[in-house]
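Okay, structure first, notes after.
For reference, chains read A, B, C, D, E and F in written order, and residue numbers begin at 1 within each chain.
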Amino acid sequence: MDLSTDTIHEVVARALREDVGAVDLTTLAAVPAEARAEAHVVFREAGVVCGLPVARAVFAAVDPALSWKATVGEGTRVEQGTIVATVAGPARGLLTGERVALNLLQRMSGIATMAARYVEAVAGTGARILDTRKTTPGLRALEKYAVRTGGAVNHRYGLYDGVMLKDNHLAILAAHGLGLAEAIGRARAAVGPMVRVEVEVESVEQAAAAAAAGADMILLDNMPPAQLRAAVAAVAGRARTEASGGITLETIRAVAESGVDYISVGALTHSARALDIGLDIAIGV
Amino acid sequence: MDLSTDTIHEVVARALREDVGAVDLTTLAAVPAEARAEAHVVFREAGVVCGLPVARAVFAAVDPALSWKATVGEGTRVEQGTIVATVAGPARGLLTGERVALNLLQRMSGIATMAARYVEAVAGTGARILDTRKTTPGLRALEKYAVRTGGAVNHRYGLYDGVMLKDNHLAILAAHGLGLAEAIGRARAAVGPMVRVEVEVESVEQAAAAAAAGADMILLDNMPPAQLRAAVAAVAGRARTEASGGITLETIRAVAESGVDYISVGALTHSARALDIGLDIAIGV
Amino acid sequence: MDLSTDTIHEVVARALREDVGAVDLTTLAAVPAEARAEAHVVFREAGVVCGLPVARAVFAAVDPALSWKATVGEGTRVEQGTIVATVAGPARGLLTGERVALNLLQRMSGIATMAARYVEAVAGTGARILDTRKTTPGLRALEKYAVRTGGAVNHRYGLYDGVMLKDNHLAILAAHGLGLAEAIGRARAAVGPMVRVEVEVESVEQAAAAAAAGADMILLDNMPPAQLRAAVAAVAGRARTEASGGITLETIRAVAESGVDYISVGALTHSARALDIGLDIAIGV
Amino acid sequence: MDLSTDTIHEVVARALREDVGAVDLTTLAAVPAEARAEAHVVFREAGVVCGLPVARAVFAAVDPALSWKATVGEGTRVEQGTIVATVAGPARGLLTGERVALNLLQRMSGIATMAARYVEAVAGTGARILDTRKTTPGLRALEKYAVRTGGAVNHRYGLYDGVMLKDNHLAILAAHGLGLAEAIGRARAAVGPMVRVEVEVESVEQAAAAAAAGADMILLDNMPPAQLRAAVAAVAGRARTEASGGITLETIRAVAESGVDYISVGALTHSARALDIGLDIAIGV
Amino acid sequence: MDLSTDTIHEVVARALREDVGAVDLTTLAAVPAEARAEAHVVFREAGVVCGLPVARAVFAAVDPALSWKATVGEGTRVEQGTIVATVAGPARGLLTGERVALNLLQRMSGIATMAARYVEAVAGTGARILDTRKTTPGLRALEKYAVRTGGAVNHRYGLYDGVMLKDNHLAILAAHGLGLAEAIGRARAAVGPMVRVEVEVESVEQAAAAAAAGADMILLDNMPPAQLRAAVAAVAGRARTEASGGITLETIRAVAESGVDYISVGALTHSARALDIGLDIAIGV
Amino acid sequence: MDLSTDTIHEVVARALREDVGAVDLTTLAAVPAEARAEAHVVFREAGVVCGLPVARAVFAAVDPALSWKATVGEGTRVEQGTIVATVAGPARGLLTGERVALNLLQRMSGIATMAARYVEAVAGTGARILDTRKTTPGLRALEKYAVRTGGAVNHRYGLYDGVMLKDNHLAILAAHGLGLAEAIGRARAAVGPMVRVEVEVESVEQAAAAAAAGADMILLDNMPPAQLRAAVAAVAGRARTEASGGITLETIRAVAESGVDYISVGALTHSARALDIGLDIAIGV
């Protein structure tokens, strides 16, 4: 799925306002107005390319006279040293947009690359990788797009498009004498027909109870593989299952082999390392 | 230095709009309107606390009836398991604000903690740690504040508050027959008296030339410690020196001992891992 | 479910800016700055009260010194002549805010009243009333809230929180050789696990096919009651069913008795008449 | 009179953000990126066409690659079944923009159609139809434009472009010992030379007094035709006259024949029914 | 007439964002967080005080803990050296807000003072002083308020609240074969009943023709006093008259004595000198 | 240095919204939609041309069909009567944009012209003219650009890009037992390596002390030329020097000859008179 032009525009405008502010002192002070340049966007390490349309929008916003030509497709896995795009035109605008374009590209490609690694790690099992709401404030749409670009699946976008009864909700409901089944019933009754209800459980018994109470999806929190397997069996296809909690590239295969439908990984968005991507001037005139 | 109320307000409003959207389906569907709760913000790993005023602002924006009490000071280094704040009041608002508050706190504390590690690594040398412009678009003010909270120093805020002639600027100027000294001269002549001029160099000879041409600060890019030491000697106090380029916790001590004034570390903001911080319901009524 | 403070604030600020503009010429020219007044918000016809928190926000935005006291609860069904709230304080602000407060209250109460009539008309059947996306641009959150206040249920909030394959989607997919089942399959594969998929059908056969293909909800478009009954039977509980298309207060009972789960009524939001609500000065000093 | 591009842009951007949000799940999940379509905008009932430039702007905002061709002029009265425009291009954008475009077109054409009916009802009398400030918050400029498109006349745009002393203003002024004539005098003295002053009266005597005191326009509130006739005679051309208050298509002719200059009808904007307008896919490839 | 809170808020927020940006380096670097101060706002030259509520809003926006006490009323004429307000509280906020508060106060008081001088210069004649649309972009509401504070009268607020057929409009209409009377007729027919129509004329004959054609107000452009007198006689009370065009404090008395109703002075807003106003620290602790 | 497109766009959009509001009544009521015109932008007095790109942006924003052709370069000094640009196209848009375009052009050219006079007055001395932060709120970027266009130099852009310890800062620090040298030291230690520190002094002794304490720049406030000369001597090249305080065109030469590096003149932006610039219709069809 795509990114809306409106989202790209808003993020790019905000980022440029933040970085350029009143004026780009360096470029305007030192670079002749008539200077022109061509530059390559280069992956200095291997990874999954993500964010090319966003980077293009940065340069277009700085100076519409800058041209942009992507040389690989969005989502491609590239080797170290690959040129992924060429930008050319007035040198001032090219230099002014460089950092913002790279900042977005590095972050998005970092997330897509990390997502692709997790997807690969569970290949052949039935499990699919999900993201979470642990995204960078202000960049959720871009980060969820990067997750998709890496081959993983998006969980809820926010609090508005799905019900998720987590430990803290259940703790408060319990203090009001409302158990798991009642919590699921209350939620189901209040929301519209297109809304799914997920509930977090901490034991096999709770998983079974949640499935019986009509949960659409069950979050199995912090369970070792054996317990996950038991929970999946107890749910018995009545609801989708999701494993969650501190899962790493080392542990994920075992989790996936437990038979869960989904595995959510917060680190995809809260701790992805930026990829090393640079801009090299190819021609300056 | 502080964070302006305006900045906090803008980031928090944007983050809540992004996460809550039209309505928090879960809380409103399942949690009684009259439910109240008290919860602890807990560091699930050790680190430097950063972002408490921002987290407070999140809960206040969701529901002004929520109270907030920080139990450690901003910037404190805490152990795993430390409660850093308590939030109490209407349960719905508390649950609605949880994720956004934690997302900001985790990221800011992650940066502050990483900065503190780098600062510690160079303790006793004269070198100071700098951040860069490789920040998350839309969050620069918060991330630069987190860097300061961790004890490091802020480099430029953006393109508007300092001249920095980097490799790409110099390449374009060279294509126009303008060398290093001319670049520095052009910049100096065009900007106002309060603006400093920094220039990136790649050899000891260039460093010496830059100092002679009147640069205020010289970026020594990707030099091994011995070369840095030679460059510092060649500059001979005529300008500040900054080492930069792929410096890690493992290599930074040697860099610092070369005698440079500053060491800039992009990873502080582009690749800091979020700290593991949670919200535990203490009382629900 | 509630309305977020942020939504109310945004709508009210925009409405006041639109109506007041640079200055309220009348009030400021003619009304003494020290004049004070108390006024009653009066329902000049019977209906369901909706929008009191929004009206209160209007007066608070114009002048925080204005007090507001609701005398009936939001969602109450009141008779003609009922005073639903009292606003008191500086006369200028009271007069400046009057029209915007009433405009919002009249529209929201009009929708809630209309929704309540439809809900009442199907009482005792299992059918529930749904709204649509045919809302007033810029006021969707308020109008969906008014629908709930009238006792009906919200369908999707927008294009972002549910998949709905309507006639136009299917026509385009057909031109690509993709039938109903393939459309449902494509959608299901692309979206996350919390997203439901609804499909529009025009015959009993299509309804059966959609259910077999795994649709979560099936829109039965413009079917007479007998056909609806057959479609419901064909779906056989495998998916929720929704009747739609030109249903009025006169025809809805028969539709509901066909056994459909939901009936959607676009007129709730696109053609509700504003209720007649006025502001009467009770005391002026 | 026209609609400013800025107004159209602002309303359209807000409406799309509200409806599309982060992503149009359906279109992007199910419709191939390369699919193209041509569709007709069809009036499913007779009426006055209004809003074509706004609908065009919606599709242009979603995807600039969509073409738009209006086949009747704005303001034309068309029969049921008339195709008023054709939109063609990438199918995804066409489907994403459909609802927002129709929502605006239906509402604006509904208002223009209703206004045209009122204008027709008073044809041949000297009376002209006016709108009021009872518009949809956020859409006033569009609704006032629709009123003009239907052949009626705009009253004030807001509180900023005319003085209107209504019952509530006069009640408060009376409590300060200021009568009708004094109210008019105060207002006249305070405002600039380009501002007209209207006052609301409830009797023939008040109408005469208002004219004598220099009112530019007199609102005759809730008077039967005979009383209106007497009031018009008492004003004797010294001011414009406006009849107002619960006037319907059934009663308006008699009101107009009383000789008033203007008749204001709040229902034009607060209770116009949306016209039934659809989008039919003509070609999908 | 007052200034709306919304206007003040918007101007102040924009001004602070522009001046403070990411951070007030000086105050935060040098001034202890716990420092407190009390300062006087002092008129360093005589003038009319205007903008106190705006200055107060600046300090409140920077830090709500700052208190503000005006010691003279808005609109008062004060002598050199007068303290007009005292601000006290946290020193950092006081220093951060100083420049923005003074910038607004100096400009607004400069305009009010200049307006008062013009008003005084025509005292005893029937003429009143008008402003124009030659205001500072973004500050029109504040500047029109300052004009009123100085005792002059506001002309139109913008293009939206009055018709003004100026030389350029008439030139274009003439090219279409439309003369003065036809221009007035077209305008009158197209606008609503609350809109006044003014027309610019350059001769006594045109003034007479405009009055005969039903203009509500006639702009007598660049006429010497004798010609103005003739024009006023020719208009003979059928319309208001306005003199305009390069009128200075030296020439205005003679213009006023020609009998015109209004004299407009663009310099009030486009060329008023800022008043010299300072902030003196009285106590620092 | 240039103006960013974003800045121009934001100022122009705000200015048009303020002036045009809902609708340009005059143009739309009186001017035929098909009318076209060509008009000249004429300097009615001599001066430095500044703001052409901004004026062009105004017309483009009103109607993209308007063409613009500048006939002199930005920054040119022109004689009275010079045509500086021609705008042509739909007459309505041309008339709607006229006032906003001229308001911006008049103000910017007024500032550039005043700056050029000051620059000329110090020609041949080493002194350069600086602006201040006494700019029009909301227009700082445009005004600083106008100052540059007139040949002067920009001081700080705001509180964020330089440290300036002024009298009020020093008074508060003194109350905390912190003298001039300590103030400079505190500031230096807290800010990053690219930030310069300026301090205001009132005597030759303070100037010497500030230089000794490491100030980068010293503001010599309100000193007569002889004292300035002594201060410059005392500073002895260790810091830049800036004279400030009530300096006029009459006194500035003597100030410049004192040997100071910079002279700051607040009047450049707070009290520049708008230049007389008009728009003359050349052809109307």
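The rule we apply is simple: a residue touches a chain if its C-beta (ideal position, glycine included) is under 8 Å from a C-beta of that chain, and two chains touch if they have at least 3 such contacts.
Quick caveat: nothing in here was measured; it's all calculated off a predicted structure.
Across the assembly, the mean Cα position most removed from that of chain A is the one of E. At the interface between chain B and chain E, under half of the residue numbers involved are used by both copies, so each side presents largely different positions.
Compared with chain D, the chain whose C-alpha mean position is the greatest distance off is B. Between the Cα centres of chain B and chain D there is a gap of 52 Å. Once the centre of each chain is set as its mean CA position, chain D and chain E turn out to be 33 Å apart. Computed centre separation for the pair chain C/chain E is 45 angstrom, with centres defined by C-alpha atoms.
The mean-CA centres of chain E and chain F are about 22 angstrom from one another, to the nearest whole unit.
Along chain F, residues 1, 20-25, 28-29, 140, 157-158, 160-162, 164, 190-191, 195 each make contact with two or more other chains. Residue ranges on chain E touching chain B, taken from their complex, read 13, 16-17, 20-25, 28-29, 33, 61, 63. The touching residues of chain A, counted against chain C in their complex, run 1, 130, 153-157, 160-162, 164, 190-196, 198, 216-217, 240, 242, 261-262.
Those residues of chain D whose C-beta lies close enough to touch chain F in the complex are 1-7, 140-141, 144, 157-158.
Remark: chain B residues 11, 14-15, 18-32, 35, 37, 39, 91, 95-96, 98-100, 102-104, 106-107, 110, 133-140, 157-165, 167-169, 171-176, 183, 186-187, 189-191, 195, 267, 270-271, 273-274, 279-281, 283-285 touch chain A in the complex.
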